[in-house]
Amino acid sequence: MSIEAAPVTDPPATRVITYRQALNETLRAELLHDENVFLIGEEIGVFEGSYKITAGLLTEFGPDRVVDAPIAEEGFVGAALGAAMIGMRPVVEIMTINFSLIAIDQIVNHAAKMRSMFGGQVAVPMVIRMPGGGGQQLAATHSQNLEVWFAHIPGLKVLAPSTPADAKALLTAAIRDDDPVIFIENLSLYSSKGEVPDGEQIAEIGKAAVVKEGTDLTIVSYSRGTTTALEVAHKLEAEGLSIEVVDLRSLRPLDRETICASVRKTGHAVVFEDDWLSYGIGAEISATIGEGVFDFLDAPVRRVAAAEVPLPYAKTLELAALPHAAELAKVVREVLNVAPLEK
Amino acid sequence: MAAKTRARTAEVQAFPGDTPADVLRGYYRSMSLIRNFELRSSEMYARAKIGGYCHLNLGEEATVVGLMAAINTGDYLFTGYRDHGYALMRDLEPGRVMAELFGKTTGVSGGRGGSMHMFDSQARLFGGYGIVGGQIPPATGVALAIKQKQASGPDSDAVMCLLGDGTTNIGAFHEALNLAGLWNLPIVYVIVNNRLGMGTTVEAASAEPDLYKRGASYRIPGIRVDGDDVLAVRDAAAAALERARTERQPVLLELMCYRLRGHSVVDPARYRSPEDTTIAQKSDPVPVFRAQLIAAGILDDAAADAIDAEIDAIVDAAVEFGDASPDPDPADLFAYVYATPVANAPSALPGDPVMEAL
Amino acid sequence: MPEVIMPRLSDTMEEGELSRWLKNVGDTIHKGDVLAEIETDKATMDLESFDDGILEQLLVPAGALVPIGQAVAVIGDGTHIVEADAPAAPAAEAPAAEAPAKIAPATKKAAEAPATPAAPEAVPAAAAPVAPKDLRTSPLARKIAKEHNIDIATLTGTGPQGRIARADVEARITELEAGTAAEPAAPAASVVAPAAPAAAVITPGADDEVVAISRIRKVTARRLTESQAVPHFFLTSVVDVERLVAFRAEVNVSLAALGQKVSINDLFVRAAAVTLRQHPEVNASWGGDAILRHPHVNVGIAVATDDGLLVPVIRDTDTKSLATIAGESVALAGKARTGSLGLADMTGGTFSISNLGMFGIDSFTAVLNPPEAAILAIGAATDVPVIRDGVLVAVPKVKITLTVDHRVLDGAVAAGFLRDLTKLLEEPLRIVI
């Protein structure tokens, strides 16, 4: 992990906390750290957040710092943008990534453009947090992974942490960054646990991390996908396959170097992504690998992504449509041309 | 106030209130500047020195000058894409405004915005915006930040957000007005109602064509004013801004005016009836105001001509300045994409490899 | 100051045309860099540098015909650069008039081959860095092949859809390293074949029949060559098969009603599978940095076919009855001989058995079938005189020999397996229990 910790002699103490708790603590720490930071979103105050990320913060910081917004994504995302234009550091919560489409004009046509379009005269230090992901039987409109919509847009920075520690360090970095940062969370990660260092942790935006080293094949993933990738990699380890896992962490900018350096070593790559296959994150990764390390590829790059269908409600159909560990393991074996040792 | 039905007052001999004569002459000078600048812009567009879209304030000079006479220097101004006149009235150098139209480095937005995207952070001209309604939520957000940071009162800053009549039909308008009404924000929304959204009349686009009434749902008072009357505009805007500053009461102003020409420089406006065109021309605020000032003895023809000549020279100089200014260097293409530099930010030009092959 | 000489690049080549220089005087040269293209009587070949250094001088112009062994360029430390224009290209002489016959396909005799090279000679591996279009190769395989001057078209792919992958090229490199023949000897008037013919390509003699090889044989050749790099040892045991033969007869009597029949070999297969279950350490593979113990016992049976040796696999052999094994064995052998074995029939093996008993071979050693850790070679049953209860009797005995990958198994462990297998074969009832 490329976390720039304050130079101390002892490594910071760590605690095992959930991704949710890491986000909550980080928001609190940043509200304390900078009076220009304020939170805005639907149901983040009295209701304490649809997913309880902002629990306790209204009570502690009051309604000027924790602003309950009406159901008006275009309005309050745009309002946060305006506040950022004069030096505030709003942290917006969009209840789920699906609703970001209602605010897409403010994000894509405005937040992403302001600085460049006005010749560098204004900065937009804002963060838009939103969880994506399917798998909870939320049906077609509430289960999407739309990160590529944002990752496509110059002027935005797009982060997608996979661990509680990264959730903390990347959110801190995002809030202190002077550009609009889209902060992709995932419903199924909120209760995941991990070690999180105490104290201020600021990750470097734009850097991927090799979260597991290996020599035979590289799995590139991000957010929830990384946890699945690690699970598969460890399982395949027992079969004698040495899998490296690259956690993108930042979808824009994209750390092509780390991806290519890994594939150069392993000669094989599989992208594991929750979004839809065509034109997805994996398409960009594959193209990067093709261009960056073509001569080191020992097999075509494969992508394991969601089936291209509006996600149905029924559990069997939902399971069939979303990418899981089993499909990833299957594709890894196919790319390495090895048979599974177990039935 | 039903300004729509108010009689035109070209024959009025004296001006209401106590506006000093030099201030009135100054308004004329400002209107003349906008008029001259916009006509020259049209010419420069035809000469292909200006690209893209180019929307002019022709016919809206009284509205622009009246509003800008009311706004404080510390107030924030957001506009739509018909923004040249506002840039001039926020005291940006005409040469820098013309240079922006020419896409030059000396332009107010460094040549990166063009006609629709005039910006000056010092002058608190917080941008011309090209997406209809797109400016309204950010303007509202600035008001939110002002409320968070400043106490209400006459010294408080406020926000003025301009929009066109067509904009009142888009969701962003309603979402933002709801927020402003809900949170009591120091903002004045100004509908510049030139009666046409491109080619569509207000009546053909809005179920409630009395647009100033549209704030009612958000408990935002609406006021309709004759947009061709520079003093009426000024006074209404000043009163509205005052309420915003001191009471945190957002206000919706509707200014009735005429677009003298097409939607943009490339629009011959053939959809307009001859009668409509005639009314627009008769209402043209620049000659009307000039005649008023002459009739009131504040100006004579020679003095008015002298002002016009001075303005002509200023606009000549603006064109020269724009012409002489350097084009942006492609090497600076990525200069303003991000404020905080981060690792791996893209910098590839078309055809460049995405990275050095390992 | 190394000279670059016109190499010998084909069996019939006497001179080559330096058709194009690809490096200039002053260029830094690394070993393996292609300096020029050479047109031989058969093909355009790369002239690769065997040295590092600076290209100091070109001794012949492009287009020159140069006899084998003559210097064409000088590589040095850069202190003797001669920038002189290469002498003007002489009018290109007509290529050698004789157009020697290419190696004919199939079984055509190479009788028309020129008489010049009477003795087989080693030639360097051909440099053909670009794979033909119809070959599936991975970019990495191509890159490594090019770096090692390996003609990728001569490799057999083991990747998906027969793709030639890194492993295939590396296997060839291992072969080449095992036999240093790959390094072209400095061509001289008389060329002496280097030692280690493993990787050497032998040119056909005048009377040799050239038999084109099948894909199967290519694979067989490569895999067996690979396996020779594995450190291995042999253990032989003599099995008293008197009871086994009697048992088989009994079983076949009872199976006759069902129209089934088991062979001695089936008994060996079943016995090996049962013993492997008891010895999971033998049912294993070398995994590079770990030993892989396989959860399933899949015994492969070597089958000779017209095209070469095939090893179809009976899956989960230890869980199958003797009759099932017998049935599958017959079916697989049939498929092998008709060339209809699928990939699934031939992969996943964890142990192999090769039986040459039917040819009367007393005993032999089998070559490992990688990545399996062991293979069992079964000889013929031979009557051996034995004194039993004071009477000299003839007892049929079979010599079985286990070839063992020493990286996976040590002698004592393998011996334990072979001892238990022998015991089982001598108490055949246990084979089926």
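We just call them A, B and C in the order they show up, numbering each chain from 1.
Keep this in mind: contacts are C-beta pairs under 8 Å (C-beta built on N, C-alpha and C of every residue); 3 or more make two chains touch, one makes a residue touch a chain.
All of these numbers come straight from a predicted model, not from anything done at the bench.
Q: Of every pair of chains, which is linked by the largest number of C-beta contacts?
A: A-B
Q: Hey, which chain ends up farthest from chain A, C-alpha centres compared?
A: Most remote chain from chain A, centroid-wise, comes out as C.
Q: Which chain's mean C-alpha position is nearest the mean C-alpha position of the whole protein set?
A: Going by the distance between chain centres and the overall C-alpha centre, it is A.
Q: Report the inter-chain centroid distance for chain B and chain C in whole angstrom, where each centroid is the mean of the CA atoms.
A: 82
Q: Would you mind pulling out the distance in Å between where the CA atoms of chain A average out and where those of chain C do?
A: 49
Q: Quick check: how many Å separate the C-alpha centres of chain A and chain B?
A: Distance between chain centres, rounded to whole Å: 40 Å.
Q: Which chain A residues sit where two or more other chains touch them?
A: 294-296 - these are the residues of chain A that touch more than one other chain.
Q: Mind listing the chain B positions that touch chain A in their complex?
A: Those residues of chain B that touch chain A are 76, 107-113, 117, 119-121, 126-127, 129, 131, 134, 136-146, 148-149, 171-172, 175-176, 178-179, 182, 335-340, 342-346, 353-358.
Q: Would you mind writing out the residues of chain A in touch with chain C in their complex?
A: Residue positions touching the partner: 239-240, 242, 267, 294-299, 334, 337, 339, 341-342.
Q: Mind listing the chain C positions that touch chain A in their complex?
A: 138-143, 158-160, 163, 165-166, 287-290, 292, 294-296, 347-348
Q: Would you pull the chain A residues touching chain B in the complex into a rising list?
A: For chain A paired with chain B, touching residues are 38, 64, 67, 69-70, 72, 74-88, 90, 105-106, 109-110, 114-125, 154-155, 157, 177-179, 204-207, 250, 253-257, 260-261, 264, 287-288, 291-296.
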